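We just call them A, B, C, D, E and F in the order they show up, numbering each chain from 1.
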Amino acid sequence: MPSRDNRSPSELRKIALEPGIAPNAQGSVLCSFGSTRVICAASIEDTVPRWMKEQGVQGGWLTAEYSMLPYSTLSRKTRDATRGKIDGRSTEIQRLIGRSLRAAVDLSAIGSRTIWIDCDVLQADGGTRTASITGACVAVELALRALVNQGKLSRLPMKRRVAAVSVGIVDGEPRLDLDYLEDRDASVDMNLVMTDKSEYVEVQGSGEEAVFTDAELTAMLDLGRQGIQSLLSIQNQLLSA
Amino acid sequence: MPSRDNRSPSELRKIALEPGIAPNAQGSVLCSFGSTRVICAASIEDTVPRWMKEQGVQGGWLTAEYSMLPYSTLSRKTRDATRGKIDGRSTEIQRLIGRSLRAAVDLSAIGSRTIWIDCDVLQADGGTRTASITGACVAVELALRALVNQGKLSRLPMKRRVAAVSVGIVDGEPRLDLDYLEDRDASVDMNLVMTDKSEYVEVQGSGEEAVFTDAELTAMLDLGRQGIQSLLSIQNQLLSA
Amino acid sequence: MPSRDNRSPSELRKIALEPGIAPNAQGSVLCSFGSTRVICAASIEDTVPRWMKEQGVQGGWLTAEYSMLPYSTLSRKTRDATRGKIDGRSTEIQRLIGRSLRAAVDLSAIGSRTIWIDCDVLQADGGTRTASITGACVAVELALRALVNQGKLSRLPMKRRVAAVSVGIVDGEPRLDLDYLEDRDASVDMNLVMTDKSEYVEVQGSGEEAVFTDAELTAMLDLGRQGIQSLLSIQNQLLSA
Amino acid sequence: MPSRDNRSPSELRKIALEPGIAPNAQGSVLCSFGSTRVICAASIEDTVPRWMKEQGVQGGWLTAEYSMLPYSTLSRKTRDATRGKIDGRSTEIQRLIGRSLRAAVDLSAIGSRTIWIDCDVLQADGGTRTASITGACVAVELALRALVNQGKLSRLPMKRRVAAVSVGIVDGEPRLDLDYLEDRDASVDMNLVMTDKSEYVEVQGSGEEAVFTDAELTAMLDLGRQGIQSLLSIQNQLLSA
Amino acid sequence: MPSRDNRSPSELRKIALEPGIAPNAQGSVLCSFGSTRVICAASIEDTVPRWMKEQGVQGGWLTAEYSMLPYSTLSRKTRDATRGKIDGRSTEIQRLIGRSLRAAVDLSAIGSRTIWIDCDVLQADGGTRTASITGACVAVELALRALVNQGKLSRLPMKRRVAAVSVGIVDGEPRLDLDYLEDRDASVDMNLVMTDKSEYVEVQGSGEEAVFTDAELTAMLDLGRQGIQSLLSIQNQLLSA
Amino acid sequence: MPSRDNRSPSELRKIALEPGIAPNAQGSVLCSFGSTRVICAASIEDTVPRWMKEQGVQGGWLTAEYSMLPYSTLSRKTRDATRGKIDGRSTEIQRLIGRSLRAAVDLSAIGSRTIWIDCDVLQADGGTRTASITGACVAVELALRALVNQGKLSRLPMKRRVAAVSVGIVDGEPRLDLDYLEDRDASVDMNLVMTDKSEYVEVQGSGEEAVFTDAELTAMLDLGRQGIQSLLSIQNQLLSA
């Protein structure tokens, strides 16, 4: 059975949330899930996308961009800008981050503003999308608090907090929060985004080239639910401080 | 409650699979889920991608491309080629189609070949990705049978058949196979890809900007499982003929 | 002499025009010249290009896009969107379709609207551009009739009908409506677009790397003129029905 | 009737061919048709395109690129490189130049070489494509002569010389070699490429949004044939010197 | 020591400025530094960039584009438009030309206009950027004089004239105005842009992969200053005529 | 006179070099010049660019990429990958970083390897290019030491160390190491790259739209030389530890 740095199957890696990594953003945090480290920043722009104006949609918007820095992987990754386009995997991840955070923020209450979430992976060891979502939720709340403190909003427009974790089946065993080697060896890979009320925001399970049973699905959902409660509690420690 | 053209919540739309829509492809089918119609074609190329050669990976490869024809929607959609790039939604869908079909085909048994799946939406009314996967499975099997008939393969390299369906929560009610209007109004949208042995290949559920409970998840999985059995049986009628 | 499926040199292939292939477009037809099959759709947009607004040009506009579906050829053709640009041949063809149809429609009488013509080749066996133009004329007239029926236009703004056919010199013999193998072997290749009053709209003859004489030009124009009369009569059967 | 700088309808503008405009190319000429001036250069590369190598095609290749310099027009034209792509009109013209010159050169006799023709318009006043072809033929012959003089080829691999001219119908009158204002006002515009044996290489006539009769076609072909003989004689003066 | 066509180390190559190379531009000159020849054109547009309008900046703008024509080099150079982007070296040079000429023109006095400078290299033999700047200054002054003559400006809005020259260290010896072979062999390469009052506009010295001392810097600046005085005097001859 | 956070005109901002910011790169450092913070990483690839192979050039290569993270500026900066290309300023800076570090490393002694330098600006407050070069030199030396320690190189292939600093004229006063506000207000802006032997690697001075005298140039070079000695000494503290 692949080693798992002495963690039990239901244990998260060491989680850390360090605020202020990008002082020019309204909110930012360096989010670590073990050796995976992601810079999560939330910037507020006092305008909305053209389609909202054209369609007369009220309120604000939230969108996300995700990128792996070229030195985040063991062998250097070519920059998207050099290739001239964003790859399919990054596109999927940034759409997932955007949907997840739009479930967290009450966009009708932020005025004609756009919240830009940027997630840049500084070091990649599996679970970069779940660390991105978990960190982005903190960055966004910090940015919105700044707006409240500046008197630009009268109350914090958060509908709920969200966090995300990966689960998988490795050697037949359900495991929480896979690192890169586990992820590579997993026969099933699932990403869960859930709220502080144990609701689902996103459930994305893929057998890649394999398949999985209903029992395996249930076991993974159970593991994930526990992991997300721990992540929400770590977010809360920082945000209640 | 939104109308549903007299279908019960657990009923599929009218499904049709018409083979031979694109005679220059090795296998092709026009797949209809109600008013949604997708041209699904499987073309075989006698080469593999450069990365397989460079990494010395044996066997073949399968990849998918998905596109909405400009006249498939009520207001004309700009072509990807005109915009110079494929949009994020299409990227996600073609990656999903590719993963799903790679679960169906034994790529180690097709030789140094690439199976190209093309799904072009002729008419869009919700569920284009599930119609694409359901049709693509038939197109691929037809193409592989042609290889067997030509003596290029000694046996049919299908590991299993796959089909896909959408499920959602509309006005609080779980429903199968949403059309465009239902999809637009759904609070939760889930796409399921399953096999002829009731295994999961992909589970993708998203509350978009809302959330869903464990009970809703279970109800949607149950509805979807039934729908997929019907789809597999319709595939089987065509392929057993 | 290359076989020609029992057609005489002055005979068209089997021509078919099937309306309604793309129900979400205002007008559409599947146009077949033998094994060549092209989806022709006309979509109406209630706006005009920016340059017309900026230059204060009155009336409407008509523009065309042409594409070969990847499975239209015997060996799969890479999508334009994947290559990120439209190739030179497609650019020429879509400009030709646009010019030809602008000769047919009275753009001053369609209001501030744009007619989008889309020609997507489902199966390619020579003559895709002539089938595109011949089918596009029908699709456009169907779309304009729909506008008249909806009371948006008071009369049908067609100045004339147009049709197109290829002619060539194969093994020294002038031939009408070349299929792919004839086209490949032709020493001269000409495309004619003409009206229902025997006027020319476009004459495009190219020796490719060879040359042709005045007598050959005359013979080709004669053959083409006859072919176009037949095509106009087939259009008329459908549109008079 | 639009003025025509005292030329008769069958008269060419002042034609000039000045060799050596681009000394680093193997052959070059500045070709003027009245105020239209085009830099025509032929460069020889000791390699062939990848597709020729892959398909095992023997001999050489010839290809053309055409561009309007930004200051060639009265109001500055944005560069293709700035827009990131070549426009449809330029694509058509460079394909026409390439086909025309491939009819002139015996590519099987130039070895594994590529002839690059570059036509850059320094000043535009109608007829830039015909000036390009007429000048390119001279530039190519000068470049091939240089190869012969360097002992790289044993004989001059020219099959024939080609020249090109425009003809049109302006105010009902057939006219040769239209300048910009005549071209703008012409109801029919035709470009002819012919050889020194009075054969056609290309015939491209377009009514743009109008149509033309058989009699008009004949009149234009007659005018064009005469004009091309004069151009070939001017080419010959330079090349026989 | 590399040959230097009989020039002393402090001597310029033969300099020529021929006005009127591009009659459709408001001002133009063909600038030669020995075998290096650059078409320099200045076009005036009666509008300013969007950012000036949005930020409410008064006055006009000046911007430059630089390109090497494909036949300017001994082995043909691929066009930027074909590669779809401008290379890094060209980007640097056009930014340098723009900054240098913005130091020459009083942009607050040209009204809401944009001066476009285009520098296209017809023949390259080292020093194309310095010939571009030296020629562009003349082209711009000619264009601004035309505006004054047309009564569109009341006075010539030139703050100063600028010229540019290269200096380098070849075989340990400081040399002025390097040709291509000297430039290739130089251990240090410096470009100077100076005014008619001996002020610096730009100083760009690079050891490429080597380094240089303070004494070498001083020697190069001295040589360059002399060369620029000669260039300014040649500009003056043309502009005072 | 603009405030300068209590620094004297010849004083650097607080400089910090924190190694290990990107553990997956062979060498990395977070380089701070006051509030300007840049992630500098050096990655080693065991291959060389295609042009070196094709031209048979021995030894290795070094290249640099520079990017501002979107949250590095007070108002969010659009990603290069989103715009699909790298802007002119970034292109210039990454070319400067590459040239500067190629002066530092003995590329003939690193084998067939490429050193990739990545400089990503986390926080921008003026001087990002000089912080990039100063940090990159440390990252590269750390990476090369790692190769030595792994026995892949027998000795450290550094020819010299380099560092960089900006100098400018603000309100008539020469100043060292400008922050963003000073840079914006400076009439002259110069960047110097120098070695530990007081040699110049690059001198880039620009009056932007103004000019500067010989005396001002001398004063700036003096200030810069002192600043660079301090930077080299800070590099040395880290690398000698």
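Operating definition for what follows: a contact is a pair of C-beta atoms (placed from the backbone, for glycine too) under 8 Å apart; a residue touches a chain by one contact, two chains touch by 3 or more.
What you see is a predicted model, and the numbers here were worked out from it, not measured in a lab.
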item	value
Smallest number of contact steps required from chain A to reach chain D	3
Any chain in contact with chain E as well as chain F	none
Greatest separation from chain C - chain, by CA centre	F
Numbering shared by both copies at the chain C-chain B contact, with half separating same from different	same
Chain centre separation (chain A, chain F; CA means) in Å	33
Centre distance in Å when chain C and chain F are each reduced to the mean of their C-alpha atoms	59
Chain C-chain E separation of Cα centroids, rounded to whole Å	51
Residues within chain A bordering two or more other chains	85
Footprint of chain D on chain E - complex, ascending	21-25, 28, 35, 39, 41, 43, 45, 65, 67, 69-76, 79-82, 84-86, 116, 118, 120, 122-124
Residues on chain A engaged by chain B in the complex (per definition of touch)	85, 88-89, 91-92, 94-95, 99, 102-103, 107, 160, 190, 195, 197-214, 217, 221
